[in-house]
Structure formats: structure tokens, C-alpha cells
Amino acid sequence: MIPECIAALGATQVVAMDHAATGVVASVSLAPETILDAVAVLDKEGYLLEDVMASDLKEGFEVTYHFSLFEGKSRLVLRLIVSHDAPKVPSISGIYPGADWHERECFDFFGIDFTGHPNLHHLLLAEDFEGHPLVKAENSRKALVDVMPQPWLVAVGLAAPEAPKVEKIPAAAAGAKE
Amino acid sequence: MHDAFDSAIRGDLSSARFEPGPTEDKLILSMGPQHPSTHGVLRIMLELEGEYILRAEPILGYIHRMHEWMAEQKTYLQFIPNMGRVDYLHAMAWNWAYAGAVERLAGIEVPERAEYIRVAVTELNRISSHLVWWGAYLLDLGAFTPILYAFDDREQILDILQSATGSRLTYSYITIGGVYDDVPDDFRERCIEFVNRLRSRLPMYRDLVTDNVILRGRCEGIGVLPVDMARRYGATGPVLRGSGVASDVRRCEPYGVYDRFEFRVPTYPEGDAMARYKVRLDELEASCDIVEQVVSSLPEGPVTAKVSRVFKPPKGEACMAVEGARGKILVHVRSDGGLKPYRVKLRAPGFSNMSLFSELAQGVLLADAVSILGSLDLVIPEIDR
Amino acid sequence: MKRIKKAFTGLKSLAVGLGVTGRAFYAKNVTVIYPKEEVDNLASYRGHVELVGKEDAPDVPKCVACGSCAKACPSNAFTILCPVPPKEGEAASDPPVMGPAPQRGAKTPSKFILDFSLCSLCGQCVKTCPTKGLRFSNDPYLVSFTREDLKLDLLARLHSQAANSQPVPVPDTESVDK
Amino acid sequence: MNALLLLLTHPAARLVLWLVLVFAFIGFNAIILVWVERKVAGYVQLRPGPLHVGPQGLLQPLVDGIKLMGKQLVTPAQGDKVLFWAAPLLAFAPAIVCFLPLPFDARFKPLPMNLGLVLILAFSGLGVLSLCLAGWGSNNKWSLLGAARSVAQAVAYEVPLLLCVLAVAICTGSLDLYAIAGHQGAWPWQWYAVKNPLAFFIFLVCAVAETNRAPFDLPEGESELTGGFHTEYSGMGFGLFFMAEYANMVIVAAVAAALFLGGWQGPFLPGIWWFLLKIYSILFFIIWLRWTFPRVRFDQLLNISWKWLTPLALFDFALAVIVVSIRSMK
């Protein structure tokens, strides 16, 4: 069950997910530049920011934002991918001040640069800590194809459909990312 | 020697942000990392004028243990003991969140008896967590005795939990596929006995503390948190419900068998420290109700699903939200189909609740800041992870 | 007038509070005065693990030195040693070289050490043991000044338990104190 | 021998003897009170309190005292050494002087004077100075906040305290504690606590505030100020503050007993026992308060004083003046 406001997010892909299997109702892929507009829409809809999570993949750093409403099974995941070389993401802490610390945490662990963040320095790690502990070695990075559930891969066209269970929502900008 | 002393006075990166600017009558104060009411090792930089706080900035990381990195080094089952140590006061909920996320990932069906036992122990654990918060909050406000009364009651819970799990604080009881072991035969009687005992004690709590005029003076109208601000900061749990939003994971996305039980989600619209206080005290009763219903309808059956010794979930990702004593716990697990998780992310409710503090503490008295800090119910290991 | 009334209810609440603590004066103490008294719920306590002896020969462990507990342990608390079988063409050395379990041909452990300072009592070893050869002891009185003392020789423990002639207590992890 | 006895009746000799007795009493009393405090705390909290050193843990405070003496005395770097160490002495010294005019028994007058009450009020004001110096001399921001609180608190509570003491003094027409106590009878209905309960209540509240006891222990407020003015003190520096606190408690309890509970007078028992009994009942009450209530906030504390206690005390004082003048007209 996908909320209507999702159409306004400017997503590259929207995939409805099975809440019982993944805990989210929809996965929304975005281009990094459009995150601020998308988050502003969610803010207007009354979404609560749960967390900002990053993970290190072959394609780059994937940054995911989890939002949910006060009521019902409503968790949305916004995902965007930035390159390893210049990991820059616009900071959403201006809209959701609670993102401030989550973004600092991502900076700590992955070295992702949240542009426009008011105070981007170490939060959990010591201030003289060097490096970013959750960044993986080149050879142990996995591609998106290896860590995403099958229905999602099918929906975005990264895998051949085996069991056509999940409906694909035609997105504004077509075409799979990769 | 003198250089070392000078640099100690100059402070660090965090205090440096406070140094420029203060004038004659401002005081830059580092509250913590060792301070009686920062509960563990939280540090807050304060800029004071007299006793009024102009600016407050929490500084975290003093007991950061990098649980998320540890998760990537261990197998799925081996990570379970870590979860109890994230939030030692409500270890069961964290265990459940992690086990639940992995179960979603692997599509494991948990036996019904295990689900019931999970609810019972998690609710008992929630009561014990709220009791510790109650005592510690009053300790922050200068009352010494309530914490010992609370601990007296908490010991009874720990005895029950020990009889089922074998330990008293970090249980590792809820595992992937069910629970570690079955509960003892007299579990039901002991739970009922405890619930009755706690219910008879609650009027005493009210007389001694809740109605106390000094406590009301310290809590009412302090740290008022509007709903919109709570939402933007991602506040959850009793902090959000103290602002009048009846949002509870057990209700809105029921996990386990929570949808089979009747319970109240207490809310108070005031949004102040007293409202958060009252929400937690009401939750004691709500949890008692749940425990009572669970143990009186505990089904028979196995308590663990078959999980292979070499456990490899299929690739994919899943997250699981659980209502912890402090709010919404969210555990994401990402699998590449191997023995170890590819990425585990722990969303600690205290982390978001704590980030409110800077804004709430602006312009209040130092003593009120202590009261606000206590009313957020922080467990620092959970925030630092 | 309203404020005066409020002041009086306030004073009354203080008196009520004094009454509560006053009643506690003649209530019974709840403290257990250790070491004069001891707590009575140790039967359900799960302390460090210990080896289980065979029913017919209590000083021979059920353990078959497969090493799965050592593998399951999240914190590498086990050191299980067995004689390494000599390589082809080499004579067996005396004393035999010891290596971590499992070793070909070794059916019982020669050394079974638990480093309790690493153990977090999660019970993965007990769960994983194929022969049910491990169980929790319920001994909380384990105090030491050095880490070395916490390296428990579980084989020696089993032998002394068997030698103390008492029939090895029935595995009792599920029983309750009262 | 006779000459020696004669010497003892000399005022100076009696003063010296009294001072020695006071020292002994303060020390002994601190030990007893610490024990009582911990026992009360224990019983209130459903535990036995000190138990192992001596019978019922009676010697525990003594052992703690020895431990305190054995501790290293640390002066904070960049603190003011002189002020820092003068403060605990200054806290302790006035407490001794204040013992001089206390009416332990009618036959027992170390220093004949008719302004005993004034002496106590004057010297007890000095205690604030010591807290202030301790806070300033420590060069610690928490201590400074504690010192600032203690000054404001002492100033606020001195006013209603003086007013309700005066209300009693006017009724008796004397400032001598012996005379005031003697003016009342041996039975409760002859005491000012019954004749003027409002003044007694205000005095008790002010007494708790003046001795910085919970729920008015803001200058130390350990959950806010980590110990306030005595954050930096170790060993006997802290010990002296501690002793002074208990000595001050005894003094306010003794003044309350003399002003409101008829002093040493009571049936059957000798006077000194009655006096001690009354002192310890009040002390017990103060200790009981501490283990029951949360701490009030700073502005609430001042509001209680300025908005409630001071007007009430003024009203009480006026009432006392009217009653006395009507009585004298007859």
C-alpha cells in the first residue's frame, strides 16, 4: 500500500515492498540532488524521521533514509547512491533537525560529506580518530544485486522475474540504475 | 607540566566551539562526562548566564563500542549477546528487534508459544526498565528513597526473568527462531503474583512521589515538547506519547502476537516532563495488563523453530521495529547470503530523543535541564552504541 | 484564595509522603545481608558452562572434541586441545603435539579450557553441542584478581566433581528456586 | 584543692571547660548523628543501614572519620589556597561559639549573658561566608554556582527566621535563651510551639533551609552541581564541612527546643535529658524529611521564602506584638 504523496517525490524508482518480509512498505530510489525536495514533501505529509543509514556497496555509498507516520504500517525508505570518490549528499538537517546526528554518524562511519550540515564533525568516534570504520575493503564490497531482496531486483529490472508477486510502479524517470 | 595543564584548560574540539564569544558574565561549563545526572558518560557543554542555559550541546561517544562493526565480524547467532548490551535496561526488546529482523530476512516462522513468551518477558523487562528510570529520575531530582523502592520491585521481575533465562540483566534469551529455552512451570503463577504486587504498590508510588508538590513543581511545565518538534527530531516512545501522540509500534505495526492483547496506549497532551513521567507510570499498568493476558493464555508447543547450525539467510534486507522502553527500536539487517551480516544498522530511540535536548534546554535553569534530561529516559550505551 | 488552597494541598501531599516513608520504618528489611545470608534463587542461575560426564562414568566427559562450541562462541572463549595425529612417515612425538579440536582420531578432549573473562554467558555453546555435553553451572561465586585465574580447566572441574563422589547433579537449568 | 575548685568557678575557667565540653560534644554528636542519619535512611529504604562495625554499626562513622583523616588533602591548581583552606575552618568555628548560650540546663550557665539569641543569630550568619569562600577559593565553576546559591538562600531565609524568633522574644520580653525557655512551662500546652504554631512551623522550614539540608540542599545539590561548594574538598576539609553541618543542625534544633518546646523543662527526667530528647526529636524529623522529598528548584526556594514565609512571619510577628500589648495594657 503506497501513499499518494510518493508521486511527488521525484523518484527514479518506486517499488512496493512486502511489510511482513522487509518491514517497509515502499522503497524509493532518488538522485542525490533531489533528496531535499523529496524530504520537504514528506515533512509536509507529517512523516517522522526514523534514521539515516549508509552502507558501502560496489556502486558507491548507499544512503537510506527511513520515514514513517505516527500510525499504521507506513515505513518508507528513500535510497540514493553516491560515488566513493566524492560522497556528497545534501544535508536534510535543515528540514529534519533530528537528521543532524544521524548524518554526523554516517560521516563518522563512512566519511560521507553532507553538504550544508551546520556542524559536521565526529559524533561517536574520538575527534582524533583516523579513517572510517565501516568502509569496506575494495574486494569485500558487494554490489547492489548481491544485497537486495529478489522482488526489488525484479522490480527495478536487475534480475529476471521468477515469481511475479510484486507490482511495479512506473516511475517518473524510467530505466534501472546501474 | 604547565603545557599539559594549559591544553587541559583549552579543551577539545567540542569545547572549542563554545570558547569564542563568551563575555564577562557567561560561564562555559562542561557537564560530564562524569556527572551524577548524566547517567553514565554523557557530556554536555553548557553556556550559562547565571544559572540560565543559553546553549547546550551534548557530546557523545564516550562509551562508543561500534556494535555495527562487530555485527559484520560475527555470524548471525553470534551477534545476539551484543544486543543485550546496547540497552542493558531493556535488553529483551533489542534482542527481539534483531532476531525479528533476521527472521523476516530468512522467512522463519516462529512457534506460537515462543511468541507469547517473547511478549511476556519483553513486557516484564519494560516494567523493570521503567522502574529503574523512575528511581533514577527521582534521584536526579534529589529524592533518594524512591529508587530503592523501585529496585525492590524490580528485583522481583529479575527473579522471574532469571528463572526463565538464567541471567538478570543481559539475557540473550530471544534468539533467531524463538526463545532460548522454555519458561519454568511456575512462570504463570509468579507473573500473576508479581502483577498483583506491583498493582498494590502503585498507589504508594503515587502518594510518595507523583502527588508530591515538590516533584510537580520540578516537572510541570518543564521542557515542553510540541508534537511537530518531536516529529522532526524523530522522538518516539514515551517522549512522543507525552506530547499527546498515541503512537506505539505495538499498535501501529504489531509484531509478534501483540495484536491479540488488549492494552492501553497512555498519552498526555501537555508535552512537559510531568506528562512523560505520567506516561511511563501508566505504561507500568499497561504492561501489567499484557503480562496477565499472556500468561493466562500461554499455548503449549515448541519454543524454537528449526534453525540450521550453519545459518545463512538469503540475500536481501529487512528491518524490524520494536517498541522499547525508550521508544522505537529499529534494526536493519542486510545480507549478502553469507554467514555474516553484510550490514547491520541499529536505530536507538534514545539517540533521537537525546538530540532534542539542545533545543529543549535553551533558556531553562540548570536544575530544569537535569529534570528534562531525566525525563527523556536516556541510556547512554544505547545512544553511543 | 486558589493559591492558598493549592498551598494546603501541597502541604498535605508532603505529609502523605512522610507517612509513606514513616511506614517503611517498621516494614521488614528486604536486604539480604551477604555473606551472613545468601540468596536462595541460585538454582535457576546460569553461570559459566561446565562439562557433563557420561551417565555410567561420571569423570569421562560426553564431549567428543568436535570443536563446534569453540566455533559457535562469539568471543572465542574456548581452548580445546587434542593430540595432533603424526604426519605420514613421522613417528608420534612424546608428549604428543597438541592442536585445537577437532583433530582426526581424537574422541575426547585432552584439554578443555574456558576463559571466563571473555565469556558473555550467551549459551550458544550449550545450544550447539551435538552431544549435550555442556551445561550451565550455577555457581556465581567466581572472583579473582587476575585474568589467569578465570581460565577454567573444565576437565579438571569434571574430575573433581566426579571424585567428590556425589552423583553428578542432574542438569538443572530449567528448575526454579522456590 | 579548695583553691582549685574555686578556680573552677571563675568565669574564664568555666568558659575553657565549656569549650572543651563543646568540642567533645560536637565530635561525639557528629558520630551519633551520622549514625542516626544512616540508620534512618536505611530503615526508610527497607535496608538495615550500617551493621558491621560495632554493635548495630555504631562505630561506622568513627571508622569513616578515620578514613577521612587519612586522605590526601588536595588543593585545586589555580585555586586560592588561603581562602580554600580558611573556608572549612570558618564553617566550623562559628558553630562552636553558638554552643555557648544554649540552655542545656537551668543550673548550667557557662557564660552569663542576656543576649544569647543575638549571639547565635550573628554567628550563624558567618556560615554563609564560609560557603561563599569555599566556592570562590576552589576555582571550580560548580563550586561557584553552589556558593552563589548559598548566599541567596541564606539571605532569603534569614528574614522569616528572624521574624519568627522575634515573635517569641517579644512574648517573653527577653533575648536570653535561658529566660525564654524558663518562661515556658514543663507541659506541652505551655510551650510556644502550641501557643504559636505558625512561628514554629516557619522556624522549622527556615532551619532546614539555613542548614542546607534536603529538600533545600541547593548549595551542594549533587545531582545538579556535583557537590556544589564542596566539590573540590577532600579528606578533613570535607570532614570539617560535614561536622559543621551537623553542629549547625544541633544548634538550630537546640534553639527550636529552647524557643518553642520549653527548653530543658519537662516532668520526671533531669533537665539536660529533656533538652537532648527535644533536640534529637527535631533532628530526627529533619533527617526524615531528607530521605523523603525531592529537592526544590532554586527559584521555587526563593519564592517559598519571599512569597509565603516572609509575609506569614510578618503577620505572626504583628499578631504577637498585638497580643503582648493587649496583655500589658491589662
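The first chain written gets the first letter, and so on, giving A, B, C and D; residue counts start at 1 in each chain.
Simple rule for what comes next: a contact is a pair of C-beta atoms (placed from the backbone, for glycine too) under 8 Å apart; a residue touches a chain by one contact, two chains touch by 3 or more.
Remember, it's a predicted structure, so these values are computed and weren't measured experimentally.
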{"item": "Chain whose mean Cα position lies farthest from chain D", "value": "A"}
{"item": "Rounded Å distance, chain A centre to chain D centre (Cα mean)", "value": "65"}
{"item": "Chain centre separation (chain A, chain B; CA means) in Å", "value": "26"}
{"item": "For chain B paired with chain C, centre-to-centre distance based on mean C-alpha positions, whole Å", "value": "27"}
{"item": "Approximate Å spacing (C-alpha centroids) for the pair chain A, chain C", "value": "43"}
{"item": "Contacts with 2+ other chains: residues of chain A", "value": "none"}
{"item": "Residues of chain C whose C-beta touches two or more other chains", "value": "14, 17, 20-21, 24, 30"}
{"item": "Junction residues of chain D, two or more chains touched", "value": "44-47, 291-293"}
{"item": "Chain-chain contacts as defined at top", "value": "A-B, B-C, B-D, C-D"}
{"item": "In the complex with chain B, residue positions of chain C that touch it", "value": "9-11, 13-14, 16-17, 19-21, 24, 30, 41, 44-46, 68, 72-74, 120-124, 127-128, 136, 173-178"}
{"item": "Residues of chain A that touch chain B when the two form their complex", "value": "19-24, 43, 46-51, 53, 55-56, 66, 68, 70-75, 95-98, 100-102, 109, 119, 121-127, 133-134, 142, 146-150, 152"}
{"item": "Of chain B, residues touching chain A in the complex", "value": "12-14, 17, 60-61, 64, 66, 68-69, 72, 101, 104, 107, 231-236, 240, 245-247, 252-253, 314-321, 328, 330, 332, 334-337, 342-343, 345, 347, 351-352, 354-356, 359, 384-385"}
{"item": "Chain D-touching residues of chain C, taken from the complex the two chains share", "value": "7, 14, 17-18, 20-22, 24-25, 27-31, 33"}
{"item": "Touch list for chain D against partner chain C, complex", "value": "43-48, 51, 288-289, 291-293, 308"}
